[in-house]
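In the two assemblies presented below, subunit A is common to both, partnered first by subunit B and then by subunit C.
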Partner chain A sequence: MTATEVLDPVIEALHGVLRPDQVLTGRTDRYNRARVPAPFPVHRWAERLPDLAVLPETTEEVAAVVKVANRFRIPVVPRDGGTGLTDGAVPLRGGIVVDVKRMNAVHEIDLENRTCTVGVGINMLKLNEQLAQYGLIYPDDPASYPCSLVGGRIGTSGWSLIGARYGHTRDLVLSFDHVLPTGEVMHVGDGAGGKLTKSSSGYQLKHLFMGHQGTLGIATRATLKLYPKPEAEFSPFFAFADYDSAYACVGALARAGVATFSGAVLFDEWKVAYLRRDDEAYIPQPADVRALACTVLYGYDDEVRAGGRRLLRIAREHGARYLGDEISAGDWAARHDRYATPLHGRTRSGQVVPMSWHCEDAAVNYTDLPAVAREWHAIIGELRAKTDVFDDWGMFCYTSGSTGADYLTEIDVGIWEQQLGDRAWAMWVEAKRAIAAAALRHGGSISACHGSCREGEVDLVPEELGRGFDLMLDLKRTLDPNNIMNPGKYLLDRAYPDPGATAGTGDGGTP
Partner chain B sequence: MSAEPESGGAPRAARPYRYAEQHTPPPPQRASEVAITRFEHVFEVDPRLMDVWVAQQAFPNWDTLRIMHARADHLEWMHRHFAATVVPASELIAEIEAPTAD
Partner chain C sequence: MTETRPGGHGAPHRPTTPGTGEAPIDPPEELVVAPPRIPVRDERTRAFVEEWRNASYNCYSSGHKFCREVCPVMQVTRNESWTPTAFHANVVAMEKGELDVADIAADYVNCTQCGACELRCPNTLFTGDFYRFRTRTVDVVKAVRALAVDSGVHQPGWQRWNLRTDERTHEPVLGDTPVSQEHVRDWADGLDLPVGGETILFVDCEAAFYRTAVPRAVAQLLTAAGVEFGLMGEQWCCGGPAAEMGYRAQAERFARHNLDDWRAGGVKRVLVLDPHDYITFTEDYPAYFGADFDIEVVLVVELLAELIRDGRLTPSVPVERTITYHDPCRLNKRKGVWAEPREILRAIPGLVFNDVDRVTQWSYCSGGGGGLPVEKPELTAAISARRLDQAAALEVDTLVSACPWSERPLSEAGEARAIDVVDIHELLAESLGITVGGSRGAAGDRTGGCGGGSCGCAGTGGADR
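On to the complex of A and B.
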C-alpha cells in the first residue's frame, strides 16, 4: 500500500473526533515536531518526520486519537515542550505526533490541601506566575524550566535542580489521568490517586507511568504538590585552586543535613576552563581558580540564615574562597541558560565555530565522581583529537538528594551540527556508548535526568536493568499489544515476536 | 535607563541619534587571552577568533547595552520569581567572622 492509502483513512477518522484545525498535515507542522534540541545529523531530518500532528484539548480527545491509531496500527508519539534530550519525542516510524501543548489550563488550585490540578501542556514558569498570587510555588526546577512542560516532565520522570529540598518530578506529581495505548483512560497515583501523597494500597503504579518516554501512553491532566513560595534564597559560589578541594567541599556541604539545603554543585577544571573563554563572571577570574562549588538554600529568612551560616563554616574549613555577592546571585539566576546555550565552541586552533549543546548525564555515587570524570574526559578527548566537530565543555555534578549519596553527573559537549556527517555521528554514538559503560562500571545509572533511549546509550539499558528489562518487555506487550505507542524506543520492539507486524508507516513519515 | 541624564548633559533619550557615534564602539581593552571588553562588565570574544567560521555583525552601541541590560533584568526577575529576597553570603560571612563578645 502507498503512504496515501495508509494515511487517508486515518486522517478521515481523526476528522471524525477532532476539529479540522486540530489535525495538522503541513510540512512545517511536521518538520517542527521532528526533532529535539539534542544534536543529530541534520541531513537525516526527513527520517524523523511524523505523517501528521494533532492538537487535542481534552483527555477524551487524546483517548479518541489513540483509539484511531490503535485501530489502524499507526504509531503515536506524545510530544509536549519538545526539549527532551534523549529523542523521546522524535518519531522514528512516522505516524501521529500527539502534541499536548493546548492542554495547558489550570483546572484547580486547592489552597487547603496545597495542590493544583493542571493540563499537562502547562509550563512550570507560567504555572508559578499564577501560584505566586497565593504565595505558593510548584518547585520542579529543571534547567529547562522556561521551556519544558508538565507532560514531558512526567514522560521523562525529570530531575530538578532544587530536588534535594523539594524532590523531583516523581515526588511532586501526585497523580494524573493517563490514556493507555488502547485508548482506555486510567487515573494513576498512589492507591486511589487524587490528592493523596502516600498510600500502601496495591502496586505502586505511579512510577511505572512516569519516565517511560511516551511508550506506555499519554498523561493528560495532573495533580501537583505545592509549597509556600520561599521567603529567602541563598546561593554562594566558591572558588578552589584544585578539583580535589572543591570535590571534598561539595561532599561535606551535601552531607551536613541542613533542612533548607536545596542543592550543591561541583564544576570541574574543564568547566572552569570553558567558562573562562566566554562567561562574563569567569573571564576576569585569576588563573588559580580551577574548580568551583556552589550551594543553594531556600526557605524562610531565619532558617536560611541559620543554615547558611553552618554551610559557610563548612566551606571555610575546606579552603573555599567566596566569589562575591554579585557573581553568586547572577550565576544562580542564570542556571536555566548560561551554561547550556552559548551556542559556540572552538576548533583545536582556537577559532570560534557555531555549536549545539549536548549533555550526557548519569547518576553516580559521590565516591565514584572523580573516576567517572577522568574516564569521560578521556573519551571526549579522544574524539576531539580526531575532529573539530566535538568540543569538551566540562562537567557539572549536582546533588540529587538531601543526603549527598548520588549526583546528576553531566558532561557538556559542543557539537558542530553543520559538520556532523555520518562518520562523525558514528564516532559520537560510539563515545556515548563508552560514556554510559563508564557510568555502569562505577555502579551508576546511564541517566539521572533525561532518559536513555538514544542510539549508543540505549544498547546498555538491558545490561543496566538485568531481569528488570525483560519485565519491561512483558509490560510493554501487555499494555500496548500493537506496539503503537512511540515504537522504536528503548529496544522495546524486542517485546514483539514479529517486528514487521507492528505499527509504522515506514522509515519516518512522508516528506 | 535611556532617560537618565549623563554627566550633567541632556537626558540620553533627548539627544539626537548619531549613526556614526553609535557605530563607533569604545576602543577595546584586553580582558584575557581570548576576550576583550569595550563597556564595563561587557565581554566579547576576541574578534580575531571569529574570522573564519563566524560572520561578524555590526552592532550599534545602544543595542549591545540593551542586550546586556535585558540580561540583568532577566536575572533579577528570576530571583523574584523563586523567592522574595536574596540573602547575601557576605552578610553571613561577616557574622561568622566577627569576634564573639566573650
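On to the complex of A and C.
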C-alpha cells in the first residue's frame, strides 16, 4: 500500500473528530514537528517527519484522535513544548503528532487547598504570571522554564533547578487526566478528587505515567501544587582556585540542612574556561579562578537571611571567595539564558563557529562526581582530538535533593551540526554510550533529567533497570497492544513478538 | 579518594579557552567529512539561503524557543508552524533542499513583525553585545516574503492591497472608499497649515484617511508649541507596508518618490507621528539610499516629551480617565522608545495611570502590523482582544496607544469591553484645551470621542470637523 492509501482514510477519520484547522498536513507543519533542540544529522531530517499533526483542544479530542490511530494502527507521537533533549517528541516512524499546545487554559485556582488545574499546554512562566496576583508560585524551574510546557514535564518526569526546596515535577504534579494508547481516559493520581499529596490506596500509578516519554499515552489536564511566592532570594556565587575546593564546598553546603536551601551548583574547570570565552562576568576574573560554586535560598526574608549567613560561613571555611552581589544576582537571574547560545562554539584554534548545545546528563552520587567528571572529559577529549565538530563546554553538577545525596551531573558538548556527517554522528552515538556506561559504573542513572531514549544511551537502559526493564515491556504490551504510542522509543519494540506487525507508515513520513 | 581532580597527567586534554593562546593548538587528528552540501537549484533561493543560512542556523542550533510565548501570533494560534523558530528552521530546510519557497510562503503571513522574539532570544540577550550579533527574525520574515513575491508566489490579500496602493499612491485603508492624492491633506481642513518648508509633517495612510484625529492633534500641539512645519508637497505612502509584505520594488519606488519630493522642496527634517513610518524612514530608506539619505527624522512623541520638559507645552486641563498605556511594538520592541510616552502621560493632570512595564509588554501586541490584518483579520482581532483583556484586568476605562495602526483593531476590541482606545497625542491635546476634531475611526467615534470631556467637541466624538 502506498502512504496515501494508508493515510487518506486516517485523515478522513480525523476530520470526523476535529475541525479542519486542527488537522495539519502541510510540509512545514511536519518539518517543524520533527525535531527537538538536541543535535542530530540534519541531512537526515526527512527520516523523522510525521505524516501529519493535530492540534486538539480538549481531553475528549485527544482521546478521539488516539482511538482513530489505534483503529488504523498509525503511530501517535505526543508533542508539547518540544524542548526535550532525548527525542521523546521526535517521530521515528511517521504517524500523527498530537501537539497539545492549544490546551493551555487555567481551569481552576484553588486558593484554600493551594492547587491549580491547568491544560498541559501551558508554560510555567506564563502560569506563574497568572499566579502572581495571588502571591503564589508553581516552582517547577528547568533550564527551559520560559518555553517548556507542563505536559512535557509530565511526559519526561522533569527535573527542577530548585528541586531541593520544592521537589521536582513528580512531586509538584498531584494528578492528571491521561489518555491511554487505546483512547480510554484515566485519572492518574491520589484520591478521587485529584488534589491529594499522599494516599496509600492501591498501586501508586502516578510515577508510572510520568517520564514514559510519550510511550504510555498523553496527559491532558493536570492539578499542580502551589507555594507562596518567595519573599526573598539569595544566590551567592563563589570562586575557587581548584576543583577540589569547590567540590568540597558544594558538598558541605548541600549537607548543611538549611531549610531554605533550594539548590547548589558546581562549575568545573572546563566550565570556567568555557565561560572565559565570552561571558562578560568571567573574562576579567583573575587566572587563579578555576572553579565556581553557587547556591540559592528561597523563602521569607528573615529565614533566608539566617540560612544565608550559615551558608556563607560554610563557604568561607572552604576557602570560597564571594563574587559579589552583582555577579551573584545577575548570573542566577540569567540562568535560563546564558549557557546555550551557539556562538560559544570554538574550533581548537579558537575560530567561532555556530554549535548546537547538547547536554548529556546523569544522576550521580556526591562521592562519585569527580571520577565521573574525569571519565566524561576524557570521552569528549577523544572526540575533540579527532574533529572540530565537537567541543567540550564543561560540566555542571546540580543538587537534586535537600540532603546532598545525588546530583544532576551534566557535560555540555558543543556540536557543529552544519558539519555533522554520518561518521561524526556515529562517533557521537558511541560517545553517548560511553558516557552512560560511566554513570552506571559509578552506581548512577543514565539520566536525572532528560530521559534516556536517544540512540547510544538507550542501549544501556536494560542494564540499568535489570528485571525492571522486562516489567516495562510487560506493561507496554498490556497498555498499548498495537504499539501505536510513540513506537521505536526505549527499546520497547521488544515487547512485541513480531516487529513487522507494529504500527508505522514507513521510515519516517513521506517527505 | 586519591584523585578528585579531573584531567591531570596523561589526560587527553585539559581545560583551556581556545583562541587565547594559552595552549598550543593541535590540529584535529583526522578530518571528519561534513555532509555534502547540495547547491540549491533555484538561483534566487540559492542567493537567499547563502545570505541567511548562518543567521538561521544560529536559531536552529539553539533550539531554545524562548521566543515562543512572547510571540503575539503564537499566543492566539498555538501553532508551532508559525513561530520564530519555524521561520528560521525553514531556511535551514531550504538549504538542505527539503523545502522550497512555495512550501513556506504562506506561513510567513503569520507575523506582525513586532520584534519580541528578537529581544527574547538568548543569542541577542547574552552574546549580542560580545559578538555584535542579534537575531533578526523581522528581516528574515521580510526577506522570505520578498523571495516569495519575486518568485511569483503571492498572498491574494497582499497582492490586491499593494496593487491598489500602487494605483492610488496610498494604502486602501478605507476599503471600497477610494483614497487619493487629492484627499491626503483633508485631515488638516481648517487648520491652515502651510505646505513645504524645511520641516514637514509626514502623516501615514491610516492616520491621514482613517484616524484623522491623530494628525489633527499632532499638528495643533506642534503649532501650540511654536514648532514651524509644513505639510508634504506630494505625499505618497511611505512604502513601508509594501516592503513588509515583500513588494520590495514597489516600496523602493515609493521611497524614491518621497525622497525626490523632499529634495525638490528643500526639506531637511521630517516629523513622524506613526511608529511604522519611523521604522521605514530610519531603517528602510537609509538601506535604499545609503549615505545619500541625509534627512533628519524626528519622532513626534519624543519631540513632544522634550517640549513638555522645556516648558513649551504645559498640559493643564485635567483628564479624568483611568488609563493604561499600550507600548506600540515598533517603538518599544524595535526602537527602544518607551520612556517618552510615559513622561507625557505623567505630565497630564487628572489621569490615573496603571502602567505595565515595557518588558512585560514585549509579549503584548495589537496584531495590526506586518500586513497581518490584510491577510488574516481574524488573527489581528484575536490578538487585539487579548490586549484588551490585559487592559481590562487593570480596571481601566481607557487604553492609550501611540500608533494609529494599532488603534483601529484595539478600538474594535475595546467596544466589547467598554474600554476607550485613545491616541496619546489626542489625549495630550485634550489636556492642552485643544479642540481636536477629526475622526477616531468607526469604533472610536461610536465610543464617544473624548468621552464628552473638555476637549471642546461636546461629546460628539470629534464629529464637529
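Definition applied: the second predicted complex is superposed on the first by the 505 of 511 C-alpha atoms of A that agree within 3 Å, B and C clash if a C-alpha of one lies under 4 Å from a C-alpha of the other, contacts with A are read in each partner's own complex, and residues count from 1 in each chain.
By our rule, a residue touches a chain if its C-beta (ideal position, glycine included) is under 8 Å from a C-beta of that chain, and two chains touch if they have at least 3 such contacts.
Every value quoted in this text rests on a predicted model; they were computed, and no experiment measured them.
Chemist: Identify the partner contact of A:Val272: answer first if only subunit B is touched, second if only subunit C is, both if each is, neither if none is.
Modeler: Once the two structures are laid over each other on A, A:Val272 reaches subunit C alone.
Chemist: Can A:Gly81 be said to touch subunit B (first), subunit C (second), both, or neither?
Modeler: second
Chemist: Is A:Val304 touching anything from subunit B or subunit C once the two structures are fitted on A? First, second, both or neither.
Modeler: first
Chemist: Between subunit B (first) and subunit C (second), which does A:Ile137 come into contact with in this model arrangement: first, second, both, or neither?
Modeler: first
Chemist: When the two structures are overlaid on chain A, which partner does A:Gln351 contact: first (subunit B), second (subunit C), both, or neither?
Modeler: both
Chemist: Of the partners subunit B and subunit C, which touch A:Gly324 in the superposed model: first, second, both, neither?
Modeler: first
Chemist: After superposition on the shared chain, which partner residues are touched by A:Glu280: those of subunit B (first), subunit C (second), both, or neither?
Modeler: Touch partners of A:Glu280: subunit B and subunit C.
Chemist: First (subunit B), second (subunit C), both or neither: which does A:Leu312 touch?
Modeler: In the superposition, A:Leu312 contacts subunit B only.
Chemist: Tell me which partner touches more residues of subunit A in the superposed arrangement, subunit B or subunit C.
Modeler: C
Chemist: Quick one: is A:Glu12 in contact with subunit B, with subunit C, with both, or with neither? Answer first, second, both or neither.
Modeler: After superposition on chain A, A:Glu12 lies in contact with neither partner.
Chemist: Do subunit B and subunit C touch any of the same residues on subunit A, and if so, which?
Modeler: Touching subunit B in the first complex and subunit C in the second, residues 125, 276-278, 280, 334, 336, 344, 346-347, 350-352, 354 of subunit A appear in both lists.
Chemist: How about subunit B: which of its residues touch subunit A in the complex?
Modeler: Answer in residue numbers: 31-32, 34-35, 41-43, 45, 49-54, 74-76, 78-79, 81-90, 92-93, 95-96.
Chemist: Would you pull the subunit A residues touching subunit C in the complex into a rising list?
Modeler: 24, 26-29, 31-33, 35-39, 41-43, 45-46, 55, 81-83, 99, 101-102, 104, 121, 123, 125-126, 144, 146-147, 242-244, 247, 268-270, 272-274, 276-278, 280, 290, 334, 336-338, 340-344, 346-352, 354-357, 367, 370, 373-374, 377-378, 381-382, 384-389, 392, 394, 417-424, 427, 511
Chemist: What residues on subunit C touch subunit A, complex-wise?
Modeler: So the residues of subunit C in touch with subunit A come to 1, 3-8, 11-20, 25-36, 54, 57-58, 60-66, 68-69, 78-81, 83, 85-86, 89-90, 92-93, 96, 98-99, 103-104, 107, 120, 122-123, 125-127, 129-131, 133.
Chemist: Within the complex, which stretch of subunit A touches subunit B?
Modeler: It is residues 125, 128-129, 132, 137, 141, 229-236, 276-278, 280, 283-284, 298, 301, 304-305, 308-309, 312-313, 316, 322, 324-325, 328-330, 333-334, 336, 344, 346-347, 350-354 of subunit A that touch subunit B.
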